[in-house]
Amino acid sequence: MPSGIDSEVFLAFSTYATIVVLKMMLMSPMTGYFRLTRNCFANVEDTGMAKTPEDKKRMLRVDPDVERVRRCHQNDLENITPFVVIGLLYTLTGPDLSTALLHFRVFVGSRLFHTVAYVLPLRQPSRGLAWMVGMGATFSMAYRVLSTTHL
Amino acid sequence: MPSGIDSEVFLAFSTYATIVVLKMMLMSPMTGYFRLTRNCFANVEDTGMAKTPEDKKRMLRVDPDVERVRRCHQNDLENITPFVVIGLLYTLTGPDLSTALLHFRVFVGSRLFHTVAYVLPLRQPSRGLAWMVGMGATFSMAYRVLSTTHL
Amino acid sequence: MPSGIDSEVFLAFSTYATIVVLKMMLMSPMTGYFRLTRNCFANVEDTGMAKTPEDKKRMLRVDPDVERVRRCHQNDLENITPFVVIGLLYTLTGPDLSTALLHFRVFVGSRLFHTVAYVLPLRQPSRGLAWMVGMGATFSMAYRVLSTTHL
């Protein structure tokens, strides 16, 4: 069944998986940016810039903008990790290049839009739809994996 | 050492990894279901159904049932991601099919039971034991990977 | 382009990925240890050792030491998952063994140091630098994946 890791589908998967994982990784510096500009931290050792003990205490709080970016990051972990696992197994079932590209592009596009919709934020149902489209692409690949491996 | 991605062990891994990742993904709609029925959201743009500003505020809270499902989802991320990574590397060390199936089935079974034990919830130590059995299966596969690759 | 899963680079990747994923998995028992010694739990069914209802309530709280370990675990999920995905794709681009080993060792070393710096904790910028070095190793591998697959 598997068509090997030299196929064009595998090259495409490598590219799209790397792009969407890099996007996920960029949520970390974005959280850092919001922590610095909102002056809001989670660890006492991160409040070295504080001048007084009261300043230190004020910097150890929960900020709504920071929490929004963190929820977006968490949603990425919950959705991009499954895509990468199921996408790799799907790639090895030897799908058509055009069908595979459609799945990879729809998923990556939906997650880029999801991030924009979450961070700005856009009105619902923008974020909800983006999440659903990404789930749909992953479910469709999972269906092919399960039907090809003769569950 | 590796026995290729055409082996029967790889087909079995594909199937079980996909099943357990799909189970993890289903925690997202389950969280959504609890958010809707408990009327409890994390983002202000998700409270569009509210009629008054007071309603909006009341909908932005932390609900114990929602948090329980979210902790279960987080535990999946912390345990299923390692299983998938170590399971793939284990598959490529060319284990016996029967030994590999034992590992995959024990892990997937323990995680299905873990979810039931967490969400209902069942009395402890149900959830704790399910978690430990899953960890054990992954550790056992990791041991084979490290001993086969001649650390 | 890919040089197969029989290469020495793949064996090295298997070893280092397994080590760093095992390290991540050990954060779970560490959280358990802190929960038990701090007598602080998240679920009501985990407070079976309590003798009175007041004891039960006191055990359901948020403890700063437990939260620190959990943040460290979360940071592992956010950084080690991308390393494993991009590291696997990087391995299949057929890099030099010595260059690949450098990437794997720098990443794994940075994450071991990150955990120490987070849990003790060490003064900043110890933890921040460890995080950045790990991100750098993953970004460098991602660059090779994208340039080899002719984006």
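Think of it as A, B and C in the order they're written, each chain with its own count starting at 1.
Just so it is clear, contacts are C-beta pairs under 8 Å (C-beta built on N, C-alpha and C of every residue); 3 or more make two chains touch, one makes a residue touch a chain.
Molecules present, by chain and UniProt name: A, B, C = Microsomal glutathione S-transferase 1.
Every value quoted in this text rests on a predicted model; they were computed, and no experiment measured them.
A.B. asks: List the interface residue numbers of subunit A and of subunit B, divide the shared ones by all numbers used, and answer same when the ratio is over half, different when under half.
C.D. replies: different
A.B. asks: Give me the superposition rotation angle from subunit A to subunit C, based on Cα atoms, as a multiple of 5 degrees.
C.D. replies: For the C-alpha superposition of subunit A onto subunit C, the angle is 120 degrees.
A.B. asks: What whole-number Å value describes the gap between the mean CA coordinates of subunit A and subunit B?
C.D. replies: Subunit A and subunit B have C-alpha centres separated by 17 Å.
A.B. asks: Find every residue in subunit C that makes contact with two or more other chains and list them.
C.D. replies: Each of 5, 77, 81 in subunit C touches at least two other chains.
A.B. asks: Okay, in this complex, where on subunit C does subunit A touch?
C.D. replies: These residues of subunit C touch subunit A: 1-2, 4-5, 68, 71, 77-79, 81-82, 85-86, 89, 92-93, 121-124, 127, 131, 135, 138-139, 142, 145-146, 149-151.
A.B. asks: Taking the touch rule as given, give the residues of subunit B at its contact with subunit A in the complex, in rising order.
C.D. replies: Subunit B reaches subunit A through residues 5-6, 10-12, 14-15, 17-19, 21-22, 24-25, 27-28, 42-43, 45-46, 48, 73, 77, 81, 84.
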